[in-house]
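Pasting in a structure now, in structure tokens, and then I'll have a few things to ask.
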Amino acid sequence: MAVNILKFGTSSPADTSPLKALKAAGYDSADILAVVGKTEGNGCVNDFSRTLSTHVWEPLVPDKAITIFSGGTEGVLNPHVTFIVTEKKPTGLQAAAGRTRPLEPHEIGTPEHAKEVASSVGAILNGAGISSSDVHLVLVKCPLLTSEKLESIKAISKIPATTDTYESMAMSRYASAIGIATALGEVNDLEEAMRHDTTWSSKASCSAGAELEDCHILILASDSKTEKPQIRAASTYMADAIDAGAILRILDRVKSDNGKVLQIFAKAEASKDGLINGFRHTMNNDSDIHSTRHARAAVGGLIAGLVGDTRIYVSGGAEGQGPPGGGSLSVFYTVAES
Amino acid sequence: MAVNILKFGTSSPADTSPLKALKAAGYDSADILAVVGKTEGNGCVNDFSRTLSTHVWEPLVPDKAITIFSGGTEGVLNPHVTFIVTEKKPTGLQAAAGRTRPLEPHEIGTPEHAKEVASSVGAILNGAGISSSDVHLVLVKCPLLTSEKLESIKAISKIPATTDTYESMAMSRYASAIGIATALGEVNDLEEAMRHDTTWSSKASCSAGAELEDCHILILASDSKTEKPQIRAASTYMADAIDAGAILRILDRVKSDNGKVLQIFAKAEASKDGLINGFRHTMNNDSDIHSTRHARAAVGGLIAGLVGDTRIYVSGGAEGQGPPGGGSLSVFYTVAES
Amino acid sequence: MAVNILKFGTSSPADTSPLKALKAAGYDSADILAVVGKTEGNGCVNDFSRTLSTHVWEPLVPDKAITIFSGGTEGVLNPHVTFIVTEKKPTGLQAAAGRTRPLEPHEIGTPEHAKEVASSVGAILNGAGISSSDVHLVLVKCPLLTSEKLESIKAISKIPATTDTYESMAMSRYASAIGIATALGEVNDLEEAMRHDTTWSSKASCSAGAELEDCHILILASDSKTEKPQIRAASTYMADAIDAGAILRILDRVKSDNGKVLQIFAKAEASKDGLINGFRHTMNNDSDIHSTRHARAAVGGLIAGLVGDTRIYVSGGAEGQGPPGGGSLSVFYTVAES
Amino acid sequence: MAVNILKFGTSSPADTSPLKALKAAGYDSADILAVVGKTEGNGCVNDFSRTLSTHVWEPLVPDKAITIFSGGTEGVLNPHVTFIVTEKKPTGLQAAAGRTRPLEPHEIGTPEHAKEVASSVGAILNGAGISSSDVHLVLVKCPLLTSEKLESIKAISKIPATTDTYESMAMSRYASAIGIATALGEVNDLEEAMRHDTTWSSKASCSAGAELEDCHILILASDSKTEKPQIRAASTYMADAIDAGAILRILDRVKSDNGKVLQIFAKAEASKDGLINGFRHTMNNDSDIHSTRHARAAVGGLIAGLVGDTRIYVSGGAEGQGPPGGGSLSVFYTVAES
């Protein structure tokens, strides 16, 4: 399915005025395949900005469309929504979306969770006729464990993946990422990958939220059959949180293509060993601000500075989404028709 | 006075092991003119990491040396100390340090405060024989208003500049910056500048702390009389928090000089109008994290990425230190002897 | 209008299941005069839990009903909603609700704001035939200044009451409280009271939120004409944040009436002089947690412990609502029919 | 060793003026057996207020004396220090102090840690001739895991108790508490108790800090041989965070003894099941404020209100120190000589 990408700033998590802007750009709400938003909450367990956006947007989009809201616009980042809309003619970019079945609370963050994501991603690719080698980004929004879910697990004598609600976000993201990596052929042994926390996909971008039970999945891929693609994609990974080189190399390519960046999707995290390039950082020892907030602010500052745009999708918690301490990076850009 | 710059990471605010590293590099504690550190507290009113560093370092440095600790190593930033040490032979860089008289609590953040800084900076420059046109950085550490100081002001029936302790940090920084700008000839009418909050110096870097009563002042300047300076300096300002261009222009100059960055001093702040390049940021509306912490994380991420080093001095709260929403930027670098 | 009070816990700010519980208790949604809730956000500027609750509840209540959501359930407090529902027969308790006109952003926190609240409260009392001497509680939810509102004020060259968004909440609450005090005859000179910040009402409970433009008003009063009231009310104030005596005196009265507490409405704040009973507290110097959050947690812990119930309405920011450092306190309780 | 208890407020973590107040009360620094303080940091991993107090106090007390600083004075609590000083004549209260050997990082929070505390407490009791049945309080300050310690464990191929620095505080407190319970005969099977997290002592009060390697231990006990004790002790536990009854019963006993409270030591925590008395609390789902901070604020508010004093020792994180969701409670009071 050929798609285009448009993005608009929001004045609050309840702001749906971007729909008007979308219509002014010539699209109808029926064209919406996905709404991917950054909202201004803490991006952690009690982030109700995500829930609020989900509440106001879901009635406005087609039933089959999905919404993915990622909390956290620390630092310079701008709260905004990105629309993935269908186009009648080929654009060079194609997309497909879907959902897993609802996960049982005790499945969250486990191999069962990863398998559900893997089979759903596989089914969506098959259904859309997209080759895994053309994929540049798989966005997943997945559930987390709240106190209530932990109690419901206890009530049926099951074992949760963790009893720490914040940690459950990380485990949920990792399971989703391993599912993606399995579906894309980046990982062969899912069970083995789930026993560690160091396997990764360079195309995965996962975020966890308390406001859903299933996983929402959005896939963006190049359309290799389009002759003169107007939209091109590039994906890579940042090796650590200050890897400006990875960003600059893609931006150089955009420049050499006379292109203009439509949107950047990046993952960010604090390295677990507490070091960046051999020097200590304090993100993991700060009991006032979670490390995901620190990482979004810093990596968001770097990418926004380099691309000159604060309306970018930088999401915290990169477990399995790029190398440890780094993160996956996908850039979509238009090229002028010659 | 000819000086050199050395910097070392710290394992905690109480870590004085950099003194050993300094000695291993051939210097003695008697050579220390200033210790300028970044510590890992919140950089706000109740940041005891600054106080702790002051406590452990002051007994170790010469009486006439000054210490300036700036709290806040959000995101990728590395807690570290930078030594300004005297050299016998010219290096191309000269420095001078001093203090104002203790400020009365009711003077903090007022024109009186600015005047004290102006006259002290002027006196230090005169005493050291440094021309104001050679100055690239004036670092000032200044006091703030705590609840206790507010009560002591009330007890003598004086009026504080503000009754909000966090806001007093901003007002203290602004007064210090206007003092610097006056001494350097960037501002002619101090009283007028203090009636607004938009006048600025591109050489000022001020931070406020609860642990002192006077202002500590450190001046770094080029020595225009040195024929082949090994250390060069460049100063400019970031126009906003994503002004990568300002940084890249200086780094290009360093590169063309075959230079190596010794240290970067930058100020950062959230723009008061809530916008960056026309798009909304949320730093001023976040009641969980103060805007100074957001700004340090974002600008620190940008500069650290571009220079490839997290041991940099990025300080929050740029009132009067660079244009609104931006900040002053000073870079010191060595050039290889030819 | 005769009313009853019922309260139910919520599982999240989006949880509207209390409506089912209300129906199970024999009431219809048409009976709802007001929904007064405590939601689990930070209670400060960027509290989207309030907005989310407003979004899910407003479509479910009658047009003339009002909703008041107060953020912040720090410590032991339970997120819940309290329904004020109309009864056909006299209960001993009567209520009336209404709204002011939308306030212009530059009016928020000013005498104009206070006057609007005063005249609206007066009109509501008149319309309902309630004597001001019977009033035990006036709840007001009022707007605050966000970055966007500050810019809109600037755009029309008006002056905001403050440029600090968090401080605007305090000023909005104070203006609302002075309006209430004026309407109830506790204050004679509104303009004079607005020049200071120390005048207060013992019946006022005001909270500010970014999600509204006008002020929502709910008045609860004894019905002195009912012969055998089943619901009784008592109101007083806590002199400081540890005034257990004020609470115990009311609870003793409930006990001597063989009563059972229906609901407690309390305001809490950190004393501005930084002292409680002569000893320093640190609520005003904590740059990681706003003082309103500290105060709700502490006073909530005290009241919940004494009444043995965590489903109580404790709201932070008591400017003008009780003496400085203390807060208004209203208790509603049923007495067994003899 | 006969002891007395004196307490004094502090103006900051660096304030040692209580030593003057102690001298004014007729004591010498050589009389100090222990300094037990509450400091105003976050009480979590990066609380440098504790480290700062340790730095300024340790040079001022005898070598054999111990210091225990517990961070966190949320809500109404007053930062202060409590001195345990030796008396020549019997007072009714006796004390003894000591330390364990330094714990290896990989031992923190493990059975090995618990055994070290158990054997040290046993040895201290033996050495002082104190019967375990007379003990009313065992205070322990124990180390935690920082990022650096986690890396040092990895470097020697050992397994840490947890890789989450904040969680390591809880595990360290639990191990210390089980050690105390074992030494006092409240627990028989230490290994078994360490396999769960629900065993507890009603005399234990443990706090963790990054600033030490060994465990500091202070024991307070009644002297049953004193005929007319001037100082009496009572210890019990709060069953949950709103258990006002437990506090009131002790305060009634103090009142009936015509006594005056010298000091209260209480532990507080958020119940893990997310409920208090059947109703949901939000302390465990708040990603902006750690649950220990919430619990200290709420329980501190309750106790301070009931005793009318904010200079009390309320410490967060009650793992193994009182029943789950509650906490140990020890009160020391003077009685007038008859």
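The letters A, B, C and D name the chains in turn, as written, and every chain counts its residues from 1.
One rule holds for everything that comes next: a residue touches a chain if its C-beta (ideal position, glycine included) is under 8 Å from a C-beta of that chain, and two chains touch if they have at least 3 such contacts.
Chain identities (UniProt): A, B, C, D = Cyanuric acid amidohydrolase.
Given the structure is predicted, the values throughout are model-derived calculations rather than measurements.
With contact taken as defined at the outset, chain B and chain C are each touched by A, D. Taking the options C-D, B-C or A-C in turn, the interface that duplicates A-D in more than half of its contact pairs by residue number is B-C. Farthest from chain A, judged by the mean position of CA atoms in each chain, is D.
Taking each chain's centre as the mean of its C-alpha atoms, chain B lies 40 Å from chain D.
Annotation: 38 Å between the Cα-based centres of chain A and chain B. Chain contacts: chain D has residues 11, 40, 42, 46, 148, 280, 282, 285-286, 288 touching two or more partner chains.
Interface residues of chain B, counted against chain C in their complex, comprise 42, 44-47, 146-148, 150-151, 154, 163-167, 272-274, 280, 282, 284-288, 290. Of all residues in chain D, only 9, 11, 40, 42, 73-80, 241-244, 276-277, 279-283, 285-286, 288-289, 293-295, 297-302, 304-306, 308-311 touch chain C in the complex they form.
Within the complex formed with chain C, the chain A residues making contact are 11-14, 40-41, 46, 48-49, 51-52, 55-56, 148, 210-211, 288.
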